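Shared chain: chain A. Partners: chain B in the first complex, chain C in the second.
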Partner chain A sequence: MFNIKHWSLAQREAAAGYFFITPWLIGFTLLTLGPMITSLYFSFTDYNIIDPPVWVGLQNYTRLFNDDLFWQSLRVTLYFAVLALPSSLVLGFVLAILLNQDVPAVKIWRTIFFLPSVLSGVAVTLLWLMLFNPELGVVNKLLEEIGIKGPGWLSDPNWAVPSLVIMSLWGVGQNMIVYLAGLQGVPPDLYDAARVDGAGTLQKFRYVTLPMMTPVLFYNLVLGLIGTFSYFTQVYVATGGAGGPARSTLFYNLYLYQNAFRYNDMGYASAMAWVLFVVVLSLTALVFRSSSLWVYYEGELRGRG
Partner chain B sequence: MMHARHYKILMVLLAVFLVLAGTVAAQDKVKVVIFVGLGTGTDPDQITQQEALAERFNAAHDSIEIEFLIVPHDEAPTRLLAMLSGGNAPQLVGPNGISTIARFFDAWADITPFMEAEGFDTADFYAPSLELNRYPEKNTGLPLGLFPSFVIYNVDMFDAAGLDYPTADYSDTAWTYDEVRNRGLLLTLDSNGNDATMAEFDAEDIVQWGFSDAWTDTRGLLTRWGAPGIGRPTSEDYRTSTVNSEEWVNGLQWYSDGIWVDHFIPGAEQISSMETIGGSPLESGMLAMFYTHTWYLGEAILDLPFDVQVGAAPFNQKGERIARIHADNFTIPAAAEHQQEAWEVMKWLTDPAQIIDVCLIYGCVPARASVADDFRASLQAKFPDLNLDVIFESINYLDNPNHESWVPEWGRVNDALNNAGSLITSGAGTDARTVLDAASAEVQAILDEYWAGQGG
Partner chain C sequence: MATTTSQMRMPPANVRSLRLGVRGYSLTIKAVTTLILAAGAAFIIIPLLYMLSISLRDRSQVRQGSLDLIPMRHVEVSIDGREQPLYRVTVDGTVREMALVRRAPGGMGLFVDPAAPAQTYELVLREQSPVRVIAIHPENYPEALTVVPFGRYFFNTLLVTFVGMIGMLFSCSLVAYGFSRFRARWLNVLFLVLLSTIMLPRQVTLLPVYVLYQNIGWVDTLLPLIVPQFFANAYDVFLLRQFFMTIPLELDDAAKLDGASPLQTLLYVIIPMARPALVTVAVFHFLYAWNDFYEPLIFLHSRENWTMAVGLQTFNALYAVNTHLIMAASVVMIIPPIILFFLSQRIFMQGVVITRMAEK
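Right after this comes the complex of A and B.
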């Protein structure tokens, strides 16, 4: 039965494939799937980490909907997503277009713009804390030069989230590099054809570049969406884990962390994690669903034709 | 004559015997692992000193062996929880502040049975310090060290303004929060040298502030204002929120007005700037009076380009002096396997013979009165110009119930209060009653949910 000599080529290839992915499967099962299933179980329990979990059914989930801070954390996260996601998509795209031009030392420029995105989130946050210092920071000093009194940034509840959005744009090089790869994959003959048809720069962008880039936009949108809902490190460092001032930066993941490791309420935190999972999954599914309306796949169109 | 080969075999057997015998002997000793990292104790020099302390203990004890398990501060809470939930509890945990004990309150054993079993004498400990570890259902540990509070001030700024220093005399009833405000206004200067009492004073261009108590949380700010629960935000039975008590409203309004009306207290933005400049508000050279604790007295204080001195905590509006305190002790986890041995180690660490050395490692004032003179001598050698009477006298006015003490859902309650505090310091809210009424409703909801979960 297990005599490999009797196996077909396809079976042997499959066996080899499974053999080579076994380490990943083991890692996935033990380090991802296992904890996920365990957290699903915890989400139905009252578990303070010290004592054994006690089954409470749906209590953690019902409690969520009566928790003002849960809603506050959702609001903060959505507010951040609404500001940060389009900003990073647009800015990354604009930078990619600029760096796709035939300008001197373009490779050096690309490196310079990509470099910040490889730096550690903690180090970058500490740097921005200094830049955003209301009285000593460079940002307000520059604003002062042009006659504007800068806000309190991270110490002002109204400006704290916008400050974090600006900080997040520091890592836009990641998006930019993906766009750049996409831009360089646009067939030049399409631009030639457009030029022959009398298209100007804006028309070429509107009718060639943009449609051809929609798969890349889609990719960055999905990753950006997941990224904004996973936002944690920067706000944890910037606010010392408190989500202040006045809870203006109480992001979903920060509140989840507080429940798990500050309040030792692991059951409730697990329920929050699963709600987040469902929210992100739903939004991602919506984006996927909408993609047939706006994402252009070259092969797909040819198929229709 | 013994054959060389036989001799070698004999030596090997002897070596094996000795190793085995040693192992058996080591196994006879109960190992008490001391988990360090929730508070202080993780600096390299502290680690070396703790190792030396362990050697000293181990050399003097046949039945117990101690080992300090040093865990980086950031990882310590999760590591401890993992050890507790994994059935691998350390035997002793510390040094812990009162807030750390409150945060993991359910994890600790009650030491009362050990104390009662041997009639343990606590007379030598400062009486109020014993209360800091005592709750209705348990006593979490023997007092080890205290961190009394005081006003540390920039002598040069007082001299320049021609003002009296904050008093060092604890019987001086003129030193009140009104007086702090009066002197704070005169010490607050704009860039043109106008003080905060002058009509031409520019509040948008302040370069020197009068007073700050920024390095504490909201309970810490309000504990000194004489509410019935002192630093506890609930009734004695922990069922009713007392967050919006008249005393706390009065205290928070004093801070709010100090920041937003009188401008002698720096808000969150200015504190952030001062910390960037100097590491702390006082060290920035932009603050005249800073309310803080003995843990602030580090090497940096010796190198400041201005003179500093310490003064007493002011009297509050009720004519009471309440000087906030922090305290450290060691605790025995309820899940610890060798609690009796851990108790023996706890006693040893807090014994008069060791307590000074232990406190010198952790930077606290020993909680035993009998060693006060010896410890004071070592502290005076380090800070020859500081008036240590102020610091030691402060212990007599400590806040009990303490501002870090346990309440149900300690983390949630404290976060609700800290949100209230940040509303004031950020300027999002300036009316203390409105802010504390909202915080009280939030705390009451947390308490109600907690007690409902406990079966009413």
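Right after this comes the complex of A and C.
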């Protein structure tokens, strides 16, 4: 069996396959699977990195449910998601539709809109901190020119999250490119067929473009939702890691970071990580399940035809 | 079917005449579209221009908070040993240059002629315009880069980015080859496992991984940012595998007939063919590693090990009043990605690979 000369061709092929994926197998075991099990274990312990973990059962989880800051972090994250996801979906989609038209200098527009996506989150946040400065910032100076007294933006608890949403919309070009690729993948035959059937521009959009694009829109929505729970760099830089003012920007991932690396409460932070995992899994499942109601896949057409 | 479609593309004569009216309509649409795009582009570009503008001002110019994109400075003159701002004022119908010595109630200002400072004029401040000249301060850049050890941060970032890139290209090519060219009972299952790890939030594995690095003495070194790249990641494996699948199997067979081992086939057949895909994942890895803040923040504690992202954030936390220096350092940090972006635009516009960035 272990003498390679006696191996069949199929066995040799399999061995070669496993050999080539070895780097990933090692990485998966040491950096994904092992840590997943360990973090599940940590979540049932009191662990401060220095002393060995002490088993406390479900205590971390019950503590979570009574922790006002935990609920605050969930609220902040969902508030951001509710503001940012629909607006970036609509804005990105509209831009993609405009750029899919026969307009002059399409390449230049595309380049400009995508540019923010390649820039460092830290540098971009510092830029917006400067623009949003209540006294000296460009935003409020411009508002002053047209006679509006601008808010305190990131220093105002009511405006801090909307400020971060505006900042995130600056990077909407990233969504736009995905939608644009989707639009360009719509077979022209379908538009021709629609025209033959007497469809106008709006009808073509409603009955061809929109159904063909829903999988792409949907996929981006799921990714965006998961992304919101990992939102970190911008809020860390904007608030110095504090989530202020008045904890109005205490995002889920920031609070998790604070528990793990400021308070060295690894057990509690692991419980937060697992709650996050369950939330992300169920959100994904929920959206996937509901998707059959409104997402149109090309395969269905073939099935029906 | 195809022929019917192409016949249908030619509209009947009566429809064709209608089209002429449509032409003016579509021109309007085109103009409106271009206007909207231009407004959007201004929203992207103007902040970047201000970043550059502020990076070239000195502290007093920053404090003036002027909206000019080109850095300007109020001209000041010495009146009784004190520097006072110079204004272009209108007195009795003639325009003269005078210094503002004091603000008075009711929006008034007391002005004096620098040549004859004995006589003061009380004028409505709002109606006079300050005398300003262009004042650009490129010396902010060397100052920003030396007040904290940005050279060191730059070197660390380069090291993490490029050594990590080599590791990623090496490991992901091997793994993608394994998943695209061989049949074995568990390979399909393992590939699904690999794909499912894309959905796994980073936080679920991060804390035990941190403890692991702590125990082997890697925390506060660059190793946690570099070494994992040598063990492949789901995104790049997936992208490379998809590309490898499009390379005809006949090429592998030909290599095999020539006596090539699977490893040789990968090196001499697959890799050269897959160059566009490899360049794509390399470019995206560069951007990811260059800009990443989360992991460097967690793993690097002492200043000499920081990458630019962490160094820049700390710079802001410590020297928040020096907005001009912070902007100068930020400009330096975004220049390499911008250059790379313009050099490899085609890659970014493919759209398919972009989703990878959204995740990371």
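Note that in this section the second predicted complex is superposed on the first by the 287 of 305 C-alpha atoms of A that agree within 3 Å, B and C clash if a C-alpha of one lies under 4 Å from a C-alpha of the other, contacts with A are read in each partner's own complex, and residues count from 1 in each chain.
Going forward, a residue touches a chain if its C-beta (ideal position, glycine included) is under 8 Å from a C-beta of that chain, and two chains touch if they have at least 3 such contacts.
These numbers were taken from a predicted model, which means no experiment stands behind them.
Undergrad: Have a look at chain B and chain C on chain A after the superposition and call it: clash or fit.
TA: Result for chain B and chain C: clash.
Undergrad: Is A:F113 touching anything from chain B or chain C once the two structures are fitted on A? First, second, both or neither.
TA: It touches chain C, and chain B stays clear.
Undergrad: Touching A:F93, do we find chain B (first), chain C (second), both, or neither?
TA: Touch partners of A:F93: none, neither chain B nor chain C.
Undergrad: Of the partners chain B and chain C, which touch A:P134 in the superposed model: first, second, both, neither?
TA: first
Undergrad: Based on the superposed arrangement, let me know which partner A:F251 touches: chain B (first), chain C (second), both, or neither?
TA: neither
Undergrad: So, A:Y268: does it touch chain B (first), chain C (second), both, or neither?
TA: Neither partner.
Undergrad: Pick one for A:L142: touches chain B only (first), chain C only (second), both, or neither.
TA: The second partner, chain C, only.
Undergrad: Let me test your reading of the model: by the given contact rule, A:T38 touches which partner, first (chain B), second (chain C), both or neither?
TA: It touches chain C, and chain B stays clear.
Undergrad: Considering only the touch criterion stated at the top, classify A:F80 as touching first (chain B), second (chain C), both, or neither.
TA: Neither: A:F80 stays clear of chain B and chain C.
Undergrad: Thinking of the overlay built on chain A, is A:I49 touched by chain B (first), by chain C (second), by both, or by neither?
TA: In the superposition, A:I49 touches chain B and chain C alike.
Undergrad: Of chain B and chain C, which one touches more of chain A's residues?
TA: It is C that touches the greater number of chain A residues.
Undergrad: Of the stretches 75-83, 183-191 or 327-335, which one in chain B hits chain C?
TA: Given the superposition on chain A, chain B and chain C clash at 75-83.
Undergrad: Report, in rising order, the residues of chain A that make contact with chain B in one complex and with chain C in the other.
TA: 49, 130, 133, 135-136, 261
Undergrad: Report the residues of chain A in contact with chain B in the complex, numbered from low to high.
TA: Per the stated touch rule, the residues are 46, 48-51, 68, 130, 133-136, 152, 155-157, 242, 244-247, 258, 261-264.
Undergrad: In their complex, what parts of chain C are in touch with chain A?
TA: That would be residues 5, 8-9, 29-30, 33-34, 36-37, 40-41, 43-45, 47-48, 50-51, 54, 62-63, 65, 67, 171, 174-175, 177-179, 181-187, 190, 193-194, 197, 199-212, 214, 228, 230-233, 237, 262, 266, 287, 290-291, 293-294, 297-298, 308-309, 312-313, 316-317, 323, 326-327, 330-331, 333-334, 337-338, 340-342, 345, 348-352, 354-355, 357-359 of chain C.
Undergrad: Within the complex, which stretch of chain A touches chain C?
TA: 10, 13-28, 30-32, 34-36, 38-39, 42, 49, 95, 98-99, 101-104, 109-124, 126-131, 133, 135-138, 141-142, 145, 170, 173-175, 177-178, 180-182, 189, 192-193, 195-196, 219-220, 223-224, 226-227, 229-230, 232-233, 236-237, 240, 253, 256-257, 260-261, 266, 269-270, 272-274, 276-277, 280-281, 284
Undergrad: Can you name the residues of chain B that touch chain A in the complex?
TA: Within the complex, chain B contacts chain A at residues 77-78, 81, 84-85, 103-104, 106-107, 267-270, 272-273, 276-277, 335, 409, 411-412, 415, 418-419, 422-423, 425-429, 442, 453.
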